[in-house]
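Going in written order, the chains are labelled A, B and C, and every chain counts its residues from 1.
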Amino acid sequence: MVELKHLTGLRDLSRKDIEDILNIALHLEEVCSGKKVFNLLENKVLTTLFYEPSTRTRLSFETAMHRLGGKVISVADAKTTSSAWKGENIPDTIRTIDNYTDAIAIRHSESGAAEMAASYSRVPILNAGDGTNEHPTQGLLDLLTIKKERGTIDGLKIVLVGDLKHTRSTNSLTLGLSNFNVELTLVSPPGFETSQWILDILKKRNIPYTRTDDLRGSVKNADVVYVCRIQKERLADPHEYDKIKGTYVLNRSLLEGASRIITVMHHLPRVGELDEDVDDYPGAAYFRQPFNGVMVRAALLAILLNRVPESF
Amino acid sequence: MVELKHLTGLRDLSRKDIEDILNIALHLEEVCSGKKVFNLLENKVLTTLFYEPSTRTRLSFETAMHRLGGKVISVADAKTTSSAWKGENIPDTIRTIDNYTDAIAIRHSESGAAEMAASYSRVPILNAGDGTNEHPTQGLLDLLTIKKERGTIDGLKIVLVGDLKHTRSTNSLTLGLSNFNVELTLVSPPGFETSQWILDILKKRNIPYTRTDDLRGSVKNADVVYVCRIQKERLADPHEYDKIKGTYVLNRSLLEGASRIITVMHHLPRVGELDEDVDDYPGAAYFRQPFNGVMVRAALLAILLNRVPESF
Amino acid sequence: MVELKHLTGLRDLSRKDIEDILNIALHLEEVCSGKKVFNLLENKVLTTLFYEPSTRTRLSFETAMHRLGGKVISVADAKTTSSAWKGENIPDTIRTIDNYTDAIAIRHSESGAAEMAASYSRVPILNAGDGTNEHPTQGLLDLLTIKKERGTIDGLKIVLVGDLKHTRSTNSLTLGLSNFNVELTLVSPPGFETSQWILDILKKRNIPYTRTDDLRGSVKNADVVYVCRIQKERLADPHEYDKIKGTYVLNRSLLEGASRIITVMHHLPRVGELDEDVDDYPGAAYFRQPFNGVMVRAALLAILLNRVPESF
């Protein structure tokens, strides 16, 4: 069974690790929806420490903890309501907060922040997104979504569309997928391509990938299309955003050019790059996707707090 | 017994619906004060999603949930700390959050926001105030306050004073009262009168009402005086506020002109329109009023989550 | 056994009161770390009402409550997300919130705010810091830290270094220490000295103290050195900060001038006045200190809510 001290990224997780996590998550499905009561983490306290705005990641972590009978303390806006405002750095903050809690989920605008937190923390750190680096719990919930929607991950043709340079979610998803037998198509505007370090790992792990600007052609042959938002807040020059937005928009007509039902995913929020006419397309999975985040985060909390039942 | 899928306003509730809600609230009084333990909503998760600042409504919802043994996840400042900041609209936010929770209490600056949320949500929506439209849980707690303070709602002379145009609380209260045999007196500065659609409903339901600018005369004959704040944040022109503030101030001397004890209510916060010399007036109910909010919200959560005990 | 209605400061607590609080805290040590389950405050609701930013005080109160099985409602940023924004004053806010909760921990930028809250509240008030006046739970956790690190408080030589004028934590610590047989050395830049009212109490209670600017000499003979941050946010003139910062910096070389191991404390966050080379000094207690805050706050909640077990 997978053993983890922290979860800072998917870079170093094995296929077996990922399969274990998804398996534990599936065991917790009815607990996460509230249908079944299972107070696995009773009296445990999770801290959500968010230096960047978030709805879904923070709430989803907190619900996962509550569904397992645990407690939550939260800093939803660490930049203005915490001691960061007084000039405190991450190591000092972590060495304080680990006195209060059994695990810390941290989001930060700097790449490497979660790794740094882990190196100072006496309790497990869960990376809830660090700069343009990784967002591993999102990557895992995306893998779970693919598994639930398609029955398998192996053998699929997966298209990633959008700002693949700044989107930490697709970094983690790509790293996760690199443990499976998939074919990747990477569609992004010039200057927004997947980072070289990610491509290097794909090569090393013999994952076939294509880079193209032909969205229509890519969609036609896909099993899964994953759309991502231009990460406006990461761009130094706002004009860059205006040039690029609207370049690739997934809509119903593109999807209906394909002969089969395609699974459509998005990390959300969307801002124009995924047309609302897709919402009632049979393969649209993006409003089911967030629930898988509760399952995956519940599984990770159980793993990191050493409470996975033997029966799982 | 009342059955509700959502609570977006009091406009469409019947007298029987309201009486059921107040009755259930009264059953939960000792639970809401913490005197009695009754974990009716164990393992249920409520989300408080607030796009506008709030102390009493949010905290009161959260305490109601806690007193019933439930859990809470919260976005206290959705405008800046959530994905709204990234440009997400209400339908997308709701279709995400309903994956995490069993009910959502939403406050928003746009009239109709709760109705829109309800039309997209897979879980019950509770309107915690939408623009200048309705604030139904406030309206219900005001009805409960009148019932507790006076023993009855029927037969009372009720005066509403202040900014009746922009105050959603008095909209909901007036709609609620329109199911009972009451006489209403509406006192407001010119330009701040009760909206026509509310008056139309009063007419349709044969509720006698008077509009006047004579506060002293109105108070003299009242059973209940409900004072409301000028909703400064709803005014386009700040000078409009300066012209109007201080126009109608309820104070001890006005109250002592009456021959009986008048019940004095205010939705709070107050900013000058209710003098502090009223605080120890025997009929001053406005610091007891907030507790009735816990009772009413606990009742609504029990109703919307289908957990009202048969014995109630 | 100590009995308290509110905790607004350490000014009026006796030695016996303080010893009782520390003793109860020590009984709760394993509960506060999560090793032992003890739902002493089940179904109780604590409100954390913070008008100034905080990480450690708020989270530590909330964890204390959770470890004892209680519930929490929170206003982390009362200045912008609550009714204060609409112009509500403390008495009105308190007379509202006390309807929702069993106790209120309040932080405010005005000295005397907690005392004012206590005079209006129907539930216990815990001062979580009021202006430049007191921060009694910090003072108590500092006393507990000294007791745990040194085995005793009596007989110690204690040096306080830094902005002793604006630091409410050292006010409370000094008041607490004034009940024990200690020798105090107060080291601060000119204009940042301990307030006269504190010195008056030291004199009245016959506590010997020295004021000096010789940090090196003071450290040499100390048992405990308590470093505090210049409270930049309390200074009217920002240039004053630049003149003073860096004046007194505690570092490893100063500590190694002493013949014994000194206990080093800091209320945190630090901003330069305590060098990182002290972090692995054997006497560095400042990253253990925050846990003592959970213990002390748990003890205070048990006391104020009348739930201290007879066996303690």
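For this structure, a couple of remarks:
Rule of thumb we're sticking to: a residue touches a chain if its C-beta (ideal position, glycine included) is under 8 Å from a C-beta of that chain, and two chains touch if they have at least 3 such contacts.
Since the structure is predicted, the reported quantities are computational estimates derived from the model, not experimental observations.
Contact topology of the protein chains: fully connected, every pair of chains touching. Mostly differing positions are employed by chain A and chain B in their mutual contact, as under half of the interface residue numbers are shared between these two copies.
Computed from the mean C-alpha positions, the centre of chain A lies at a distance of 39 Å from the centre of chain B. Within chain A, contacts with two or more other chains are made by residues 76-77.
Chain B contributes residues 34, 37, 50, 53-56, 59-60, 62-63, 66-67, 69, 72, 76-77, 229, 232-233, 268-271, 287-288, 290-291, 293-294 to its touches with chain C in the complex.
Residues of chain A that touch chain C in their complex: 42-45, 47, 71, 73-78, 80-88, 92-93, 95-97, 99-102.
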